[in-house]
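Next up: some structures, all given as structure tokens.
Both of the next two complexes hold chain A, though its partner changes from chain B to chain C.
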Partner chain A sequence: MANMAVSRIKREFKEVMRSEEIVQCSIKIELVNDSWTELRGEIAGPPDTPYEGGKFVLEIKVPETYPFNPPKVRFITRIWHPNISSVTGAICLDILKDNWAAAMTLRTVLLSLQALLAAAEPDDPQDAVVAYQFKDKYDLFLLTAKHWTNAYAGGPHTFPDCDSKIQRLKDMGIDEHEARAVLSKENWNLEKATEGLFS
Partner chain B sequence: MKVRIKSWTGVATWRWVANDENCGICRMSFESTCPECALPGDDCPLVWGVCSHCFHMHCIVKWLNLQPLNKQCPMCRQSWKFNVH
Partner chain C sequence: MEEPKMAKSPELPTTSSGASSSSSTLPENVSYDKIAWTRDITEPLAEESSTSQLRPLGTSISSDSTTEASTSNTSYSFTGDYLSGGNIADLKSGTSSAGAESASKSSEKDKENKEQNDESLYECNICLDTAKDAVVSMCGHLFCWPCLHQWLLTRPNRKLCPVCKAAVDKDKVIPLYGRNSTHQEDPRNKVPPRPAGHRTEPDPAPGFPGFGFGDGFHMSFGIGAFPFGFITSSLNFGEPRPAAANRGTTQYEDEQTLSKLFLYLAFMCIAWLFFT
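Up next, the complex of A and B:
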């Protein structure tokens, strides 16, 4: 990899390790291989959001042209959020695209993602299904997002009603993740979800 | 007592007077070079924007060349203009 990309990532890695956020366990970063081209990030769900109590893992790929181009970041942990694909983990955030600036760092990217969890932009969605629910049925959005945080990110809130509906679909031979996705999309209406799966 | 100086050798040090320690693009110290260069000094100069932010010339030129439309300072996003002293 290009000289500047490697030397900068090494410096940034140290910067994150020394940061206050590390001490507070709010962000984390680790190496995936020895070449410094791929890293693994982790952010804590911000307080007073449906993501609170969850830990979300991110895939960070550093291009050779870094820092002139942004790192490629996606969520590995599945998450229910209007600006993050519930299927692929792809993120819609301006600073990871056109609004990137060479002075930004891995630390500021992780903090921006944490801020995105606390302030969704449903009018600029990455996942139209989630965004629609966010705007149309906000209470159900909160429940679904908390449930996903519990199921995938170790969040504290359990929803027995969701779990039993997922179990019903599992009993019909549906994969757990697919069952959760379909029920979430259909606002936890078991009949509609079943219809969608078997029609 | 009289001292007669027969010869003398002047020694000087220099440093950049920048408003920061490190280049915001490559994160290297201004006292050293950008990652592409070997010798600090005139071969790898610093430049300032009107916005007062300072970078290695090689770093900011590379950044500006990659911005097709809005050429902005990577620190403050004001449109970039070289501050000619």
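Up next, the complex of A and C:
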């Protein structure tokens, strides 16, 4: 079976390389090791979303039982999204779990993840804090997602206000990533964030 | 295979020079059927070439073949047209047909490209390789039987088509038998066994209608003692029976055990008749 997994991944790799999306630079894939069990994917943030302009790197691990079981996919690039953990990058997507079908390929998985960025499901969240912000304070969610896209994925929108608040926490000896996470969680309320960090 | 024959034929007066020169310039990738086709036409040409009519025609051909080196093998078709029609107007139509043929050549190349793309039509949807022991689901998706079997084993409680998520069942897939599949080992002997095809017998031709009122209602009269009536009614002489189930299916096995059971029952009845 392992043989089948490798031969299929090789075919899928070629399929992605020949696909239209690679011409448009919307998805990308590369090998991590020679055994074809681990790959690195990259998807572009879809237009008209807070992720526009960003490049998100994914870790793809192919199990021995592939394609009968789904590949294990995780975001390496940090992202602010209701269905993706802002801490670990774990993804909540049905086709990567129960709704996986053996006819799906790396290409369809990458395109599905791109679609997930464009259409979040806050009612089935992976990151409850993000999902709450998405439902309760959508404007703040957009700002935070754009800020994270800029900070981690090379997005175009900069927010000096956010940066100065993070700098304030950094001056107090807090790690930049932690400062950003706490501020995002506390809806960019600096006092609450400091309280949470030092209480 | 055509070249030496054309060079040898001495009867061809002027066309032979044109033909031999053109045959030497024949492109190597001329398809087999085209060669066969030209031979069909050149043979009557060889017979009638002794007549004087052909000489001016031959010159016109050689000029054609020099101008159109690419369609050199089609130049014989002009003579064919000419011989049947005996008209110069036909010869011109022949040149136009040659143009059409060169166009068809390019379309052949397109076809080859298409065929390469079409190969993926017969790829298994799971292993993405050409399907081996192919089966097709009711929703029309092609798989290798080992692949689909493995997929159904992986999720025993959610048997869905990997492509369209329609319900898929072992008993509801159709095996595809190619032309030479009989020469290979019977795939059903392999593990896992491929499900058998469902073969429906055509409706039996209407025979003796019996005492019927329209379709479906039949009446029979009979006078008999207990055991004979019992036997005739239980064994159903003369009634059309449903087609036997296919080998390897569970239905077939069930029917086998049932028929054995009834056989024992019949023996017991007969034995009882004898001993009482």
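Observations on the structure shown:
Quick note on the criterion: the second predicted complex is superposed on the first by the 198 of 199 C-alpha atoms of A that agree within 3 Å, B and C clash if a C-alpha of one lies under 4 Å from a C-alpha of the other, contacts with A are read in each partner's own complex, and residues count from 1 in each chain.
The rule is short, and it goes like this: a contact is a pair of C-beta atoms (placed from the backbone, for glycine too) under 8 Å apart; a residue touches a chain by one contact, two chains touch by 3 or more.
Because the structure is a prediction, the values reported are computed rather than measured.
Annotation: superposed three-chain arrangement on chain A; chain B versus chain C shows a clash.
When the two complexes are overlaid on their common chain A, residue A:T158 makes contact with neither chain B nor chain C. Once the two complexes are overlaid on the shared chain, A:R11 sits against chain B and chain C alike. Applying the stated contact rule after C-alpha superposition, one finds that A:N3 touches chain B and leaves chain C untouched. In the superposed model, A:A102 lies in contact with both chain B and chain C. When the shared chain is aligned, chain B and chain C each come close enough to touch A:F68. Superposing on chain A, the segment of chain C with clashing C-alpha atoms against chain B, chosen from 43-51, 151-159, 205-213 or 259-267, turns out to be 151-159. Residues 4, 7-8, 11-12, 67-69, 101-104 of chain A contact both chain B in one complex and chain C in the other. The touching residues of chain A, when paired with chain C in their complex, are 1, 4, 7-8, 11-12, 65, 67-69, 98, 101-105. Chain A contributes residues 3-4, 7-8, 11-12, 67-69, 101-104 to its touches with chain B in the complex. Interface residues of chain B facing chain A in the complex, by the touch rule stated above, are 24-28, 34-36, 59, 62-63, 66, 72, 74-75, 77. Partner chain A is touched in their complex by these residues of chain C: 125-129, 141, 147, 150-151, 154, 158, 160-163, 165.
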